[in-house]
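Paired with chain B in one complex and with chain C in the other, chain A is shared by the two complexes that follow.
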Partner chain A sequence: MSDTMQVSRNGFTLVPAADRRRFVLQARPGTLDAAVRALGLAETPAMLAAATGGAVTALRLGPQEFLLLLDPAGAEDSLSALRAGLEGVAHSLVEVSDRQVGLDLSGALVEPALASLTSIDVAGPAFPVGMATRTLLGKADGVLWRTGPDRFRLEIWRSFAPYMSGLLNEAARDAVF
Partner chain B sequence: MLLIRCPYCGERSEIEFANGGEAHIARPADPMSQTDEEWAQYLYMRDNPKGLIAERWRHAHGCNRFFNALRDTRTDRFVMTYEMGRPRPEIDAATLAEAAR
Partner chain C sequence: MSQAFRVPGRGRVDSARTVTFTFDGRRFQGQAGDTLASALLANGHHLMGRSFKYHRARGVVSAGSDEPNALVAVGSGPALQTPNLRATQVEVYEGLTAVSQNRFPCLQFDLGAVNTLAAPLLPAGFYYKTFMWPRSFWDRVYEPVIRRAAGLGVAPTAPDPDHYAFQYAHCDVLVAGAGPAGLAAALAAGRSGAQVILADETAEVGGSLLSDRTSRIDGRPAALWVADILAELAALPNVRVLTRCTAFNYGPHNMVALNQRLTEHLADPAPDMPRERLWQVRAKEVVLAAGALERPLVFEGNDRPGVMLASAAQTYLNRYGVACGKRAVIVTADDSAYRVALDLHAAGVTVAAIADLRPAPDSALMRAAQGAGLTVLPGTTIQRAHGSTRVHSVELARLLPDGSVGKGQHWRADLVLMSGGYTPSVHLFSQSRGKLAFDERLGVYIPGESAERERSAGACRGVYALADVLADGAAAGVAAAGAAGFAADAPSWAVDAADAPGRGGYAGALPRRGKGLLAMAFVDFQNDVTAKDVKLAVREGFRSIEHIKRYTTTGMATDQGKMSNVNALGIAADALGRPVEKVGLTTFRPPFTPVTFGAFASHARGDLFDPDRRTPIDPWARAQGAVFEDVSLWRRARYFPRGSEDMEAAVRRECLAVRGGVGIFDASTLGKIEVVGPDAATFMNRMYVNAWTKLGVGKCRYGLMCRENGFVYDDGVVGRIAQDRFHVTTTTGGAPGVLAMMEDYLQTEWPDLDVWLTSTTEEWAVIALQGPSARAVLAPLVDGLDISAEALPHMSLVEGTIGGVPMRLFRVSFTGELGFEINVPARQGRAVWEAIWDAGQAAGITPYGTETMHVLRAEKGYIIVGQETDGTATPDDAGCGWAVSKVKADFVGKRSLVLPAMQAPDRRQLVGLLTEAPWEVLEEGAQLVARPDEAIPMHVLGHVTSSYFSATLGRSIALAMVSGGRARVGETLHVPMEGRTIAVTVTKPVFYDVEGARLNV
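Let's turn to the complex of A and B:
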């Protein structure tokens, strides 16, 4: 059902993203720095920014929150490194792999299609490549991450996927005019 | 669209936020030492000013953090937002007048 959502029209493509294991890490800022070191990332991403290194992507959704996207191939190594690095430090690490699905949006009409769903400014100057934030899309909560000039990754709850892909399909159709 | 400045994420639309009631209400350190009247005062009694009020807000569809905001209840203008734990800021008369306008 939701895992097979696809939209393909002129200037707008929506496909399910590559499989990822997902974790929400919540901790004090100093502990997040330790997590970044344990995961082997170059530096702690600033608010609303993303950092990628090896099999790991960390999205800084809040001052004390990361959404971690791990390539399943290297996930266990990264996780054991993370658990070792945070041993004895107060933190919360919750796996949400099956709660969410990722959707890859691409094409020239992605910006106007998203703009009709969300109140934030998704144009290039206000939403540069690498920025990531949680926001409302239509009536559903979702994480928006810009992976390229015409590419976005959408992380939404699994049960919202048909709603979201349907809305985006309609929005992309309207965006042509 | 009413914009609220989240101290962490910047200006976002009102629909991303949830109100958390009046700010700066400290829970009595020792509840057992309170009389019923004092406890009721802490639990239930809230200011309802016509004018500036300090409230807690949560960026529910964003960074999910609580923060405090000064809002004018007559005009719905947000004078400023600030992080939890900071004392209520003093606002000068010119800013107050602008908020009431």
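Let's turn to the complex of A and C:
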């Protein structure tokens, strides 16, 4: 099994994503609105949507759940603001920076390659840019976030990375035909 | 011989491109575009297989996927040969290698054919009746002989070198079948803008239109109309046309599986090309346009090579440019055969006679045949076909008004065509659990009430005339697109054709003259089932068509009733004296045609079969030569052998090193869940049997979790990080299940609680440092943190840093020694591990694996959930009754634990066992009984759950679950083994440091 998280094929590229600090923020919907304000985001992302502002991206994975991806450069400021904004309000903020790895997938064949792994409809109309969801890819959990017409970010737990990149490598090879 | 039966100017094959292939080692030539069957027929070669049971010579019967006889193996070499392919679907290419199956020593002369002589001894239910006695013959004689004689084809012996693709797809409208109805439906839906997938199992779209030289659609020849439609579909970006792609399974919620063959027809596929692609299509709406299959007629010798379906001969002639013989006799119950006769006649084939089973057939087509000078014999049946490896003549006889059969007349023929009418192909509809309805007028089953969002169109629902089929397909396409939310207009076409096929037909065995006790008239060619077999089954008392199917094997295996169903039904109904619709129909099982195992496996093979999860410390352990074991999806270091050590020696050394100094262990795979929120303690109180309210911040507790039924589900140490934050650990294998169960309760039972769960299993690398020297090794590394016994006693935790890396440090032990579990972010795990490793060199630090961990914990009597417990042990059974809170109002499992049966004194309880001989290590799983001389079956009191040699104690130890075990301490029990019995003494389950002095240092 290859440990290189890198796939470069005709119409499909997989590279490790830029380093991010990651947090799972869970709270009642009203509290999530407060968190959005504290983080300086324009508005609370709808279910399965993403919101980005400054150093912060929030993926709305559930009614009570954000996955926060923070640029390490501005992370501490955002976190301080968040903690201050949620002071005394029930919530759960857990760091998962090391739990998972991010993979950037891109290319003209990114849709069919992903369609080999997940039963979710990843075609443009059903999975527009900015959509994010937790799903099953092959036999592993992952979070899929569409970052562009031919671009997805895949967030998966660390130990599943070789399996996932191996599967995507084969799926991309097959997607050519 | 070079394609003597090729008809110049006919067919869609490329007459300019000749390809050479071999069949049974003999070289043949065909044209590009041929199937193996059409190419062999072009060379006058009908004999393509031997039958399953009687090894009778068999030729090709059909021209499609319903072919029961011409099953061949394609490819060469131990890995590349694919058995059981239908010659009618194998496309020839330069260098193709194919062999026939089920023959010995060769196709022309098969020794197995003596089975035909023994046919009276091989009746229906033969296996059930014959191989019953003596019992001892089964394993040594009957089964090996049957297995050698039976079975179709030979499986490859080497691993499959090909790879297989897999793809999910979503669409608005899926159209299965690209004949006239399917094309019309796809076009109607495609023009509306709906996402459409059109799949057809053959190499070219068009279906029956590719064999039709007569019909004109909007004035265009049928094949040219197909090309027009295909061009329009290809230009629509929302339509995907898949050929060589079989819809083989109709699952619930319109999930339809397609298997697309990508390389099988290519002489030289691109090296990276997958051989097949399995599609799982989720369609909003489905149009089934599967067409209809012509029925064979059931008469003596109907399986002789050269006897085939009329429609097949038409396809070979018009689509492949092959005449299947020189002199044909046609037997029919339907008008469509007259068109075949006219086509053959026009191509120069002599049509000696057309025997029509109907007393007074009359149609424009029949008159056209008569007008062309062909002999039509109304009210005439076929008594018998003669020949062995090829038919040479037939006996035709008048059907007399009283129902009997008159004197026969001999007709020479090298081609006998049967047309018993059409059977709508309702396989996919039936798989979708739709209800079939019997159509009195047509005498066949057609789709009735739908169970899914689908509709059938064209011949698969009994609509046969081309104009009607096109209109039906277009309407189905409009309906499907409309139901998916797209407004569509039905295209319409003018059809100029007078043919009206499908109004006649025959079901059952043809009437014959005489009893024909030795006559073999086949109903199911593939399974060698004759009309007599079906009648016999009825005589022997079988009433249900499902039982008759199993008893006779008709319609089983890959055939799935494509050819045989309606005829078998007709014979059974006749024998039972009940109308066909009262006898019912057997279930059509998926797959529609066989699918390779490789397609099902797709990428899930080799390293990608399952995720291969490894910890951050894994590379270090590999470099040290560790031996690994699988624990759920993880690879864990089992032991670290030095030099030539085996596992036993390594484990003894590792155990002594931990007890005598310090050992280091990778515990990263432990499941971890962060439970956070103001209601965290409340939630923990409800999930675990323990009480958590009073656990102080910075303290740890062993937590035990039951399921609703009161049986132990998981365990692990839980630390309280803050008033509203718990760091929960679970077993390695239990992690996903525990999180799922917690979420389930939280979301469905207690949504009012302000508490949230986050898996942190992979956030933390966990390094266990265990042994009397552990503190001395660790203390200098923890950046000034006080980890003395006073500051950090057993079962407490502290947050700090180790070499600058953030750390949660747990003072816990699963070994019974002074111990720490160092949690650091996963990316830092390896570096911290190596820092501890370096610092521990002076103290003789020793890496140990899971096997040593198991021995050390067993010496202390610590249970492993799933080893001591088996899903039927309560906390008290497992010796953990002390953990169960007596004061909590409720927790998961509490209600069950108070049931009397859960407190019975004879429940199996955790105990220790010591053998008399210290070197004797019991077998895990061995049973325990009270007396060695008990009569068999002995009364089993319990079983051994864990058993090891303890290097520390210099003797073997074991844990066991024993009925009323705690009251038996001091008793002698017995372990019956092969040829001897081992006496054991029951003890308490703690063997080492009973008072725990080594922990609290």
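By definition in this document, the second predicted complex is superposed on the first by the 173 of 177 C-alpha atoms of A that agree within 3 Å, B and C clash if a C-alpha of one lies under 4 Å from a C-alpha of the other, contacts with A are read in each partner's own complex, and residues count from 1 in each chain.
Simple rule for what comes next: a contact is a pair of C-beta atoms (placed from the backbone, for glycine too) under 8 Å apart; a residue touches a chain by one contact, two chains touch by 3 or more.
These figures come from a predicted structure and were not determined experimentally.
When the two structures are aligned on the shared chain, A:M47 is found in touch with chain B, with no touch to chain C. Touch criterion not met for A:E76: it reaches neither chain B nor chain C. Within the superposed three-chain model, A:A171 lies in touch with chain C and out of touch with chain B [touch as defined at top]. In the superposition on chain A, contact of A:P63 is made with chain B only, not with chain C.
In the superposition on chain A, A:D33 makes contact with neither chain B nor chain C. Using the contact criterion defined above for the overlaid structures, shared-chain residue A:L136 touches chain B, although it does not reach chain C. Of the two partners chain B and chain C, more residues of chain A are touched by C. In the superposition on chain A, A:S119 makes contact with both chain B and chain C. Residues common to the contacts of chain A with chain B and with chain C across the two structures: 64-65, 119-120.
Note for the complex: chain A touches chain B at residues 47-48, 61-65, 119-120, 133-136, 141.
Listed in rising order, the residues of chain A touching chain C in the complex are 1, 24, 26-28, 64-65, 90-100, 112, 115-116, 118-121, 123, 126, 138-140, 157-160, 162-164, 166-167, 170-171, 173-177. Residues of chain C touching chain A in their complex: 163, 165-170, 262, 270, 272-274, 277, 280, 282, 602-604, 607-608, 610-616, 634, 674, 676-679, 754-756, 758-764, 825-828. Every residue of chain B that touches chain A in the complex is listed here, in rising order: 1, 8-9, 12-13, 15-16, 61-65.
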